[in-house]
Amino acid sequence: MSSAAFVIISIFTLAAALAAATLRKLMHAALSFAVALVGIAAFFFLLGAEFVGLALVFIYIGAVAVLIVFTILLTRRHAGKDRGFNWSGVAIAVAVFGGLTWSIVKTQSLSIVAPHVPALTVKRIGQALMTSYVWPLQCVGLLLTAALIGALVLVMEEKR
Amino acid sequence: MSWIIDHLWLIPAVPFAASLVILSLSKLRRKSAVVLAITGQVVALAMSVLAFLLTLQTQGFRVIQNFTWFTFGEQTLRLGFVLDPLAAAMLVMISLVGLCIFVFSVGYMAEDKNFTRFFAYMSFFSGAMLGLVIANSLLLLFIFWELVGLASYLLIGFWIERPSAAGAAKKAFITTRIGDMGFFLGMLWLYNRSGTLLFYDGGNGCLESAGLALLGASATFIALLIFCGAVGKSGQFPLHVWLPDAMEGPTPVSALIHAATMVAAGVFLVARVYPLFSLGAINGVTSSLTIVVWIGVTTALMAALIAIAQADIKRILAYSTVSQLGLMMVSLGVGGVAAGIMHLLAHGFFKALLFLGAGSVIHGCHGEQDIRKMGGLRRFMPVTFMTYAVGMMALSGVPIFFSGGWTKEEILHATAHWPPSHVPYYLILVGVVLTALYMTRQIIYVFFGNPRAAAERAHESPRVMTMPLIVLAFGAILLSAVLTPAWPWLHGYLAGEPTYVDVARLIQPMLFVSLALVSAGVGVGFWIYRKAGTQDGGRPAEVDPLEYAQPALFRFLANKMWIDELYARTVISFSWMAARFSDWMDRYFWDGLVRGFGAIGQLFGIFTTSVDEYGINAGVDETTAGARGLGRVMSTAHSGQIQTYLGAIAIGMLALLLLYAWLA
Amino acid sequence: MSKSIDQAFVHAKQWLLSWLAGSPGWVVQVASILINIFMLLAVFLTLFALISVLERKILARMQNRYGPNRVGPFGLFQPIADGIKMLIKEDIVPARADKIVHFLAPVLIAAVAILTLGVIPYGRNMTPFTIDGGILFFFAVGSATELAVFMAGWGSNNKFSMLGAMRAIAQMFSYELPLIISVLPVVMVVGSLTPDRIVAAQAGYTFGLVPRWFAFTPWGAAAFILFSVSGLVESNRTPFDVPEGESEIVAGHMTEYSGFKYATFFMAEYIGMFAVSGLATTLFLGGWHAPARILEIIPSYVWFLVKLGALLFVYIWVRGTLPRTRIDQMMNFAWKFMLPMAFTCIVAAAVWHYASRGLRGWLWSLVVIAVVYTALSILLDTKRKFAPRVYRFAE
Amino acid sequence: MTPTLQVFLIVSAALFSIGLLAALSRRHAIFILIGIEMMLTAANLNFIAFWRFSPPAQQPVGVMIAIFSIAIAAAEAAVGLAMVIAVYRHYRTTNVDQLDQLKG
């Protein structure tokens, strides 16, 4: 876990995230969001959770980002430029960031270096998912099905 | 081969699965439905034959497969399957006859718009019936019992658009329910006494010595309560009224359910729990068995008499079925269990044959069911005629070549030696004569004489309908090979005794008795009905010869001895009166009480209203006005903008965070 | 001897890296990665050039004409000429296009295609990047293709482009499901997402004769076919080139691209095809294993290339044979047939595994697949749909 | 020097705040969704970081929660975007400022 990699990834990620939050063209913002997600996946790799990183790329870039751009396409009337900008929101966000950072820095027990842990193989995750976490897994499956059907019902054209 | 023992459940499961798949198909997939239903039936038949072959290995073969259904508290409720000669013989009969009837239905129902539904129900019935015979637990048997009842209900009312069919279905359902009530009570009682409902459980089942020892004197009542179920299902005397009405269903249904299999379930049930009936028997006689005998005799004789005066081709067969079932009950009651079951099996074949033949006739006559309008059909429908004749002779009990003759003879044999009384024996002899008589009448009306109104455009049925007839006819004949006293193989198989060939026993006095009775019946029948359907002397063509001779008696019989009317006057009108009385009680007595209390409440209400209006409200008004004002102030926070809410949440989170960090 | 030829490339790389002995660890690591990337690009760009001309020649043979035969011997230098043409062509960007997105789309699509090549084992000890979840990596990265196609469609600000992109995304989404699900049986049976393990699991020969490739089990064969068809769709090739069908929507999302950007799209399509074929080889055709024990003297990477080449030939063959499908037919096929069949493959693989992986398992899984296949064809009424067309004329 | 848990948490906090910024200050509904997704991923980053920096345990709990939360986020995105489309169809706008029918 090298510092250089960490610094590069965090600058990359935060820059992309900031772009996603502030760019005026909606499409550019959505694409920046995808880039930011790549950065987060890189963080996960750096932390040794390769599977989660790959899953993140798979789900967010392969599915969520495409969904977002599709939605932009389908609601195109205002897609060009988003003019309004709510400055009170900026103030709150900055305050939250300040508060969080202050409390993190203040908590001394958090300044620890990562211990040596055995590599987290996909096999182990699979075993955990199929044994201790099998109920949550089933529930998530159910949830996804429900979400799928719900989304379909929401956007279905009403028959006249 | 022993694979089938571990997978006995597959035998009912296959038709069930076929039924479920067919139900999920669209109405238009007729071919798929047929293929699925018949495949299911063929698979069931193959597995049944496999199971049957397995039981041939040893005398008195019996394997059980028990499993726990669920556990409540300390008790576990266990169900199971059993395979023994009784079950195996029933399995083969049901699946073979069922297969023939399925094939027949392909032709018979070809025009029906609910073709797929029909096959779904039929498969469902077949699965339930197969499950019934292999059940090793009274509860499991009861479950399948109710499932066949449901199938019967659905199929009697298959042509739901006819009010008569719907009524018949309802009647069948409610009448059998009366019997099932007794069955259920008996089952509860049995569970209470013996603590198990498994028939065989390695010595601990309720039919084995340990279980029976716990019953004591209550066995008689339990047996009689269970017999109530059998009475309902098998159409025995007080509850027989539904069975003739059940002929409203399509003819294959009548053949499969109301002749060959389901109605025999009552007989099967008695045979299955026979140890309960015979517990503590002295000389083979117990009080419960005596009641079985008398009910059987009454039913057999009464139904045979009614059958003589019926005009509907299917109703005659229906009453004949009731009569034959009574005969089987008599046989069981007098101790001839094997004879009764043999008659059940043989009856399954030839009665299915007769019903399918009747179906073929109806099909050929374009839906006409009145035998007085047929006649001379033997020229138009040769195959149907030949097979029908085989069935008729088997039912009448013509000896030597026809299975029915041998089984009937054995029943007579068993009855003749019943210690308490000889009356049932003589009554049954009368019944045999009557059977031959009404079958002769029917066959003369339908197939002989001159073609009348409905027979003029008659035609032979298609191959798909005649093939099952031929198969069943051969079955009815060939079955007699294992029934003769010279080699009573089936008897030995069912009773678990060794058998050997002894040609000398072929000739017995009983053979001549039955030959004499049958020829008497057939001869008298020919003599009476030789000119049926034609004008003769002072008698118009459409009047029955017997009616001409004995109008009062004929009317009594034709109206089914007025039993339906009797029920309508007594049971049904009583329940009407009870309902009306309850209604009156509800309306006036209980309602009056309620209204009285209501009035008291109202008075109290008027009092409190005044207190409320002038005492309390004044204060409350002020308070609500204040609350409304406060609400108006608060509602400004609800801008309807989610971002505002989100911002508020963020600020709240920040505040909590700072509070927490500051405290820590 | 054969062993050293087999490992020739591995040894060569080690020899090259030995020059760096003594430098810090990360330098060696970076150098190793760079060598891998260089080799990948060199091999596959050459292969791309070769296949592009071979495809034209093979198609020409199938259509009874000569194909390119002017530049170099047998027209083999044709790709070089094409490349030069593409490079010096004017790069046109529409005035109203979203220029950044328009520029980034071909970059992304090519990058993604090349990245997916990295996890495939090309020979014994010849996997460029060994990742624990290599198969997942392949699909995770590959799924970005859809985003790239959408960017191309959106960035061009052209109706044809947008329509083409939407069609492409619809078909890619639909076929990604069977594609991934048909991989699951293999992953399940092997118990690993690592391509090396999957290849290793297919070593050996049943009865010393039939190689233990998954394509030789019923579920494997079915999954292989499903995978290949889905792969064909994913690479947008005929008969599934609906998104760029020139007779309908000009060139789909590539309408507004010209010059080198167009060439990049073209290259990405081919490299994507190589990647899918390579993965199919790895998953179902035993990777770099030889088909018979005697043939093991031939180096492993040759076998890999032979299998890859065979699959590519089939792709070209299909392109030369079948007409383009309609989009609704494609969608129906994906959701009503491919997806249930892919799930069936999972069940069949489980049956195969629990019936002890022997002949019994083989037969049972065949039964499972045959039953579902028959049921599906009855339910979908294929007999009626695939009957000879009846032409009705106005009367 | 290797990064400590603190710096990871700070990066995660920054990401969270940026997500909050997007959700609070932009008018377009899709931005709000993007912001929420970003906050969720920031939380995931936290989970993974805590898992990595805590002593080895029997079960990789942090990773598991991250996996489940990714799945749930996918469901949330699908439903959320479907709602955006439905809202657009009904009100012909995706500007959340104009969607104030619930104003008290």
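Letters are used for the chains, namely A, B, C and D, taken in the order the chains are written, and counting of residues starts over at 1 for each.
By our rule, a contact is a pair of C-beta atoms (placed from the backbone, for glycine too) under 8 Å apart; a residue touches a chain by one contact, two chains touch by 3 or more.
All values derive from a computational prediction rather than experimental measurement.
Student: Select, from B-D and A-D, the pair of chains that is joined by more C-beta pairs in contact.
Tutor: Here the pair linked by more C-beta pairs in contact is A-D.
Student: Find the geometric centre of each of chain B and chain D from their Cα atoms only, then give the gap between the two centres in Å, rounded to an integer.
Tutor: The answer is 63 Å.
Student: Counting only Cα atoms for the centres, state how far chain C is from chain D in Å.
Tutor: One centre to the other, that is 34 Å.
Student: On a C-alpha centroid basis, what's the spacing between chain A and chain D, in Å?
Tutor: One centre to the other, that is 6 Å.
Student: Distance-wise, how many Å sit between the C-alpha centres of chain A and chain C, to the nearest whole number?
Tutor: 29
Student: What parts of chain A, by residue number, touch at least two of the other chains?
Tutor: Counting only residues that touch two or more other chains, chain A contributes 51, 55, 63, 70, 86, 88-89, 92-93, 96, 100.
Student: Which residues belonging to chain D are in contact with no fewer than two other chains?
Tutor: Only 20, 23-25, 97 qualify.
Student: Two or more other chains in contact with one residue: find those residues in chain C.
Tutor: none
Student: Which of the chains touch, listed as pairs?
Tutor: Contacting pairs: A-B, A-C, A-D, B-D.
Student: In the complex formed with chain A, which residues of chain C make contact?
Tutor: Per the touch definition, chain C meets chain A at residues 98, 100-101, 104, 131-133, 136-137, 139-141, 143-144, 146-147, 150-151, 154, 162, 166, 169, 173, 176, 191-193.
Student: Going by the contact rule set out above, which residues of chain B touch chain A in the complex?
Tutor: The contact residues of chain B facing chain A are 643, 647, 650-651, 653-654, 657-658, 660-661, 664.
Student: Can you list the residues on chain D that touch chain A in the complex?
Tutor: 1-11, 13-28, 30-31, 33-35, 37-38, 41, 44-45, 48-49, 51-56, 59-60, 63-64, 66-68, 70-79, 81-86, 88, 92-95, 97
Student: Show which residues of chain A lie in contact with chain C when the two form their complex.
Tutor: Per the touch definition, chain A meets chain C at residues 25, 27-28, 31, 34, 50-51, 54-55, 57-58, 61-63, 65-66, 69-70, 73, 119, 121-123.
Student: Given the complex with chain B, which residues does chain D contribute to the contact?
Tutor: Touch list, chain D to chain B: 20, 23-25, 32, 96-97, 99-104.
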